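You will see chain A twice below: alongside chain B first, and alongside chain C after that.
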Partner chain A sequence: MTDTEFLLWVRGPAFEIATIIFTLGVVLRILEIVFLGRKANLAEARGSATAGGIRTIITRSVPESGTFKRSTFVIVAGYLFHIGLFVTIFLFAPHILTFESVLGFSWPALPTAIVDATAVVTVITLLVVLIHRMQDPVMRFLSGFQDYLVWLVTFLPLVTGYIAFHRVGPAPQMLIAIHILSVEALMVLFPFTKLMHAFTLFMSRWYNGAISGYRGVNS
Partner chain B sequence: MTGATLERGINALKEQIDAPVAAFFSSCVHCGMCSEACLFFTETGEPKYTPIHKLEPMRKIWYQEYTLWGRLGKMLGLSKPVTDAELTDWETLVYDSCTMCGRCSMVCPVGNDITYMIRKMREGMAASGHAPPGLIGATQRAVTIGSPMGVKLPALQAQINHVEKETGIPVPVDVEGAEYMCLLSSMEIMNFPEYIGAISRIFKHAGVSWTLSSEAFEATNSGIQIGVSEIAAELVQRIVTAAEKLKVKAVISPECGHAYMAIRWEGPNLVGRPFSFKVLHILEVLDDLREQGRLKLSGKEAQRLTYHDPCQVSRRGGVVQQPRNLMDMVAENFVEMPDNGTMNWCCGAGGGVSSNERADDLRLKAFNRKKEQLDAIQVEGLVSACSNCRIHLEDGLEEYHMDLPVLSLTETIAEHLAEN
Partner chain C sequence: MKKDQTLGEVLRSRKISRRGFLKFCAATASLMALPPSMIPAIARALENARRPSVIWLSFQECTGCTESLTRSHAPTVEGLIFESISLDYHHTLQAASGEAAEAAREAAMQENWGEYLLVVDGSIPAGGAGFSTIAGISNMDMLLETAAGAAAIIAVGSCAAFGGIPAAKPNPTGALSVAELLQGYADQLPDTVNATASELKSKPIINVPGCPPIPVVITGVLTHFLTFGTIPELDALSRPKVFYGNSIHDRCYRRPFYDRGQFAETFDDEGAKKGWCLYKLGCKGPTTFNACATAKWNDGTSFPIESGHPCLGCSEPDFWDAGGFYKALSTPTEDISRAAVYAVAAGAAAGVALGAANRAKKSKAAKNHQKVSIDDLEK
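== the complex of A and B ==
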């Protein structure tokens, strides 16, 4: 298989398979949760569960001040790499072309220089986050194989993308193929790992807010 | 609690898993932020006290039973089932180092209600025979005697006689058609009978018709703390039967956090039907009276006072503003602790921890959180609305050589009633 053939396979059949696993997997995981259902609350409501659910989906993005003081690093680093991932994945012109080919619509891109700088910041942040995970007593204690695997499959697309974009090395087609392959690994693992939090956190915040809101508490 | 087996425990856990639990476990990214919300971690620095870790056996069962990937892994023998030894290891984490205070549920960035899951996890722990002996004893006394502390009706009657002599006001018992039926906690009957005198004086002052029931005066519910819903339901049903017999409009939960949670929020769900009467916390009733202008007070406490929010009353119960309105009525110098209201720190002894002697050292260590909160504001007194908090606050203050009086908000109001 030549570099070109490999790239065509990665961009074609492999990408289709990854997209199908990702989509069906995410839908399956969400249905698995929803179909478990929950019992109706028979206690007389003091507040609105719906309003509480919506409120917590929004407010939980902003940590309360005491919590911010106690967990400053996790919050700042967390925000940094999540914003970084969002910018590099969704606001990079070549990526938007890919999304357009799958979704059928597009949106404006950020200037490449900005995305490029963001990628560097995100890579550094992810490295720092990994070191923190290995050194902080609580995070080290909580972390298992999956936590490190998920870190790796998040990190690889960034690094391979950066290398492919700057054409470091002799075989540009191979570089882009490896980058796409790393994204496919991320997509395939996504539904079966904690990466699912990108979707399910809205459900969790909803339930948390609804449980509290029903009792008249803003959570 | 009889016939507890691993199988029963696992089945109980399976039954407890619902959509919120599945969403919560799916969302956890192991960020560790819940540890910083938990006084058992902040005061010991031990990672095993990280709230989400306390649920690991339940997470395993969710993963193995309710996810495709987990089921596949289980079929292929890639994941090991939860063992009895594992549950034994988790017993102290689930009961001794968690008061179900709910602070972690306020902090989790993905929104996991960890406390909601601990409550469920305890159902599996109790069914598999892994509940602490202290709580088992309290629960057995609650079922057979009617009170976790073994308080019987004659003991209450003796206290009533004593209170009546002191206040000169009769305490109504079994009065059909009264507006309110008041519940008491055993701790109030035994340690703080002044509470009975206080409501008696306040209700006379405000012209409120009320009664106690000789058949259901105990408000606390060990079934909820230990995690046996059948027992919890039986204890709630006693109250429901009495309230319906006396045809009261509302039942008043006393100054006790988990009693309020038990009867107000879990009660109807435990007995499987909505109540025909309202359930109010005493602070809600007092604040309503204040709003209606029926509470006429004279003089205020001059010393610098703060209010300790009982977790199940404020964060988990929704009674947050009422005590503050009432504090303003009785305190000239009311100051808030650095974290207050729904972000207050637990006293360290709720959720059954106070009935679990094994946890005594740990709860006193965790009390350091409260000490630091109090040190930051330099108050001369502490007001609360939960007799369990009160006892532990007094215990903790003594342990840390802090000379602070702990007052009941209801009793403080009663002391300031203007002469009619």
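== the complex of A and C ==
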């Protein structure tokens, strides 16, 4: 298989398989959670569950000041790499083209120099976060194989993408192919690992907020 | 032209001024990233070079590579250098044909065994001897025989270097590149030829791909050979690094538009008129290594991207089958939207089914729930 053939396979059948597993998995897991259902609350409502749910989705995005003081590093680093991932994934012109070819619509891109710098910051932050995870006794105790696996599949697309953009090493076709393949690994693992938090995060916030809202509590 | 004339004598007799000649030497030196101090050395070497014997074999090709070199709009120094090398055999250019032409090839081979340069354009059919023959000799036999006595082989054009268009899917003739053929079929060398299969496999091959390659790149390689007597430094695909060391994208004058995110969306929109980046229109510049953006075409007039068309990636292997000329490099080659819609439907169906199963399990568990009294626990 030549480099070009490999790239074609990665852009074609492999991407198709990864997309199918990703979408099927995400929809399946969300529906499974939703259909678990909840016991009907027979108590009289003292406030709006909907308003409480929506409020909590938003308010939990801002760290409470006590928490921020206690774990400044985790919060700042966490925000940094999540925003970095958003910028590199969704605001880089070639990526937007890929989304456009699947979704049918597009949005404006950021200049590549900005995306490039963001990628560097994100890679460094992810490394720092990993070191912290391995050095902090509590974090290390709480971390299992999946946590490191999830870190790796998030890290690889960033690094391979950076190398492919700057074309260091083997043939550029191979660099792009490796980058796309690493993204496909991420897509395949996504629905079945903690990466699902990208979707379930809002569901659980909603649930917490809705319970409080129903009871008339501002959470 | 007499065979024992030096290149300098030939050029002078063709009214090429010393100034024009030195200009060519300087341009070639800078193109090959050599220091200016090398210019006199190149000039001296070229002037005194006895024309090397060159055998040019054309197989499954379109003559575009020869056209690129010989049909330039005005006679150039490059053209004249090409003309003045001792082209002992080139069946497109020579007057002789058939057996007379083959006799010229055999004579040149015998006279310069082990020293002549072999230039090949076109791919070689391995799917059957009958696909392409010259004077009754199959392409494969002719290449194996002629390669056996060559000092070095220059595969000119993407067909000779990588198989090119004849090797595009479904490759009906089983077309192979020169390197592939020598590696795979060296043991089929006729007994009459005085060489071994391992000798044939280790022949130095310089790939000069492109569809066609830039004329100055072809003469640049010849100049290097005449000046230093060696082949230039090659990359992983056996291409001279001096010409194929940079990607089109890295040397493209439209690169700033790429970096700013300014793209032409169609061939006639505002972006196209303003000369913005052609990435979205399928430009293969980022994965293509060639000198087009620097050496340019037609006497330095322009190159495809400058004319408003995305790079096809013609100097890379399998460019014909690389997922569509007008499809951006980063986009999927299959219809992913349809697959995604089916996957959503299948995921929803499976999710509902699993949800229903879970609920059934839950209600069954509730039904089977046995109440435990304080008496039971005290038992």
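Definition applied: the second predicted complex is superposed on the first by the 218 of 219 C-alpha atoms of A that agree within 3 Å, B and C clash if a C-alpha of one lies under 4 Å from a C-alpha of the other, contacts with A are read in each partner's own complex, and residues count from 1 in each chain.
Going forward, a residue touches a chain if its C-beta (ideal position, glycine included) is under 8 Å from a C-beta of that chain, and two chains touch if they have at least 3 such contacts.
Computed from a predicted model, the values in this text were never measured in an experiment.
J.: Does chain B (first) or chain C (second) touch A:Leu28, or do both, or does neither?
T.: It touches chain B and chain C both.
J.: Considering only touches as defined above, state whether A:Gly37 meets chain B (first), chain C (second), both or neither.
T.: both
J.: Just chain B (first), just chain C (second), both, or neither: which does A:Val138 touch?
T.: In the superposition, A:Val138 contacts chain B only.
J.: Counting only touches as set out at the top, which of chain B and chain C does A:Asn218 meet: first, second, both, neither?
T.: Only chain B; A:Asn218 stays clear of chain C.
J.: Touching A:Ala109 in the superposition: chain B (first), chain C (second), both, neither?
T.: Only chain C is touched by A:Ala109; chain B is not.
J.: Would you check which partner chain A:Met196 touches, where first means chain B only, second means chain C only, and both and neither mean what they say?
T.: The first partner, chain B, only.
J.: Between chain B and chain C, whom does A:Gln173 touch in the aligned arrangement: first, second, both, or neither?
T.: second
J.: Looking at A:Phe15, would you say it contacts chain B, chain C, both, or neither? Reply first, second, both or neither.
T.: In the superposition, A:Phe15 contacts chain C only.
J.: Which chain A residues contact chain B in one complex and chain C in the other?
T.: Correct list for chain A: 28-29, 32, 34-37.
J.: Provide the residue numbers of chain A that touch chain B in the complex, in ascending order.
T.: Residues 28-29, 32-39, 41-44, 46-47, 56-57, 60, 63-64, 66-67, 70-71, 74-75, 78, 136-143, 147, 192, 194, 196-197, 200-201, 203-209, 211-212, 215-219.
J.: Write out the stretch or stretches of chain B touching chain A in their complex.
T.: The touching residues are 17-24, 26-33, 35-37, 41-42, 45, 47-48, 50, 52-53, 66-69, 105-113, 116, 264-269, 272-275, 278-279, 314-318, 320, 338-339, 342-343.
J.: Sort out for me which residues of chain C touch chain A in the complex.
T.: Where chain C meets chain A, its residues are 236-237, 247, 250, 258-261, 263, 279-280, 286-287, 289, 316-319, 321-323, 328-334, 336-337, 339-340, 342-344, 346-348, 350-352, 354-356, 358-359.
J.: What residues on chain A touch chain C, complex-wise?
T.: 2-5, 7-8, 11-13, 15-16, 19-32, 34-37, 93-95, 97-98, 100-104, 108-113, 167, 170-173, 176
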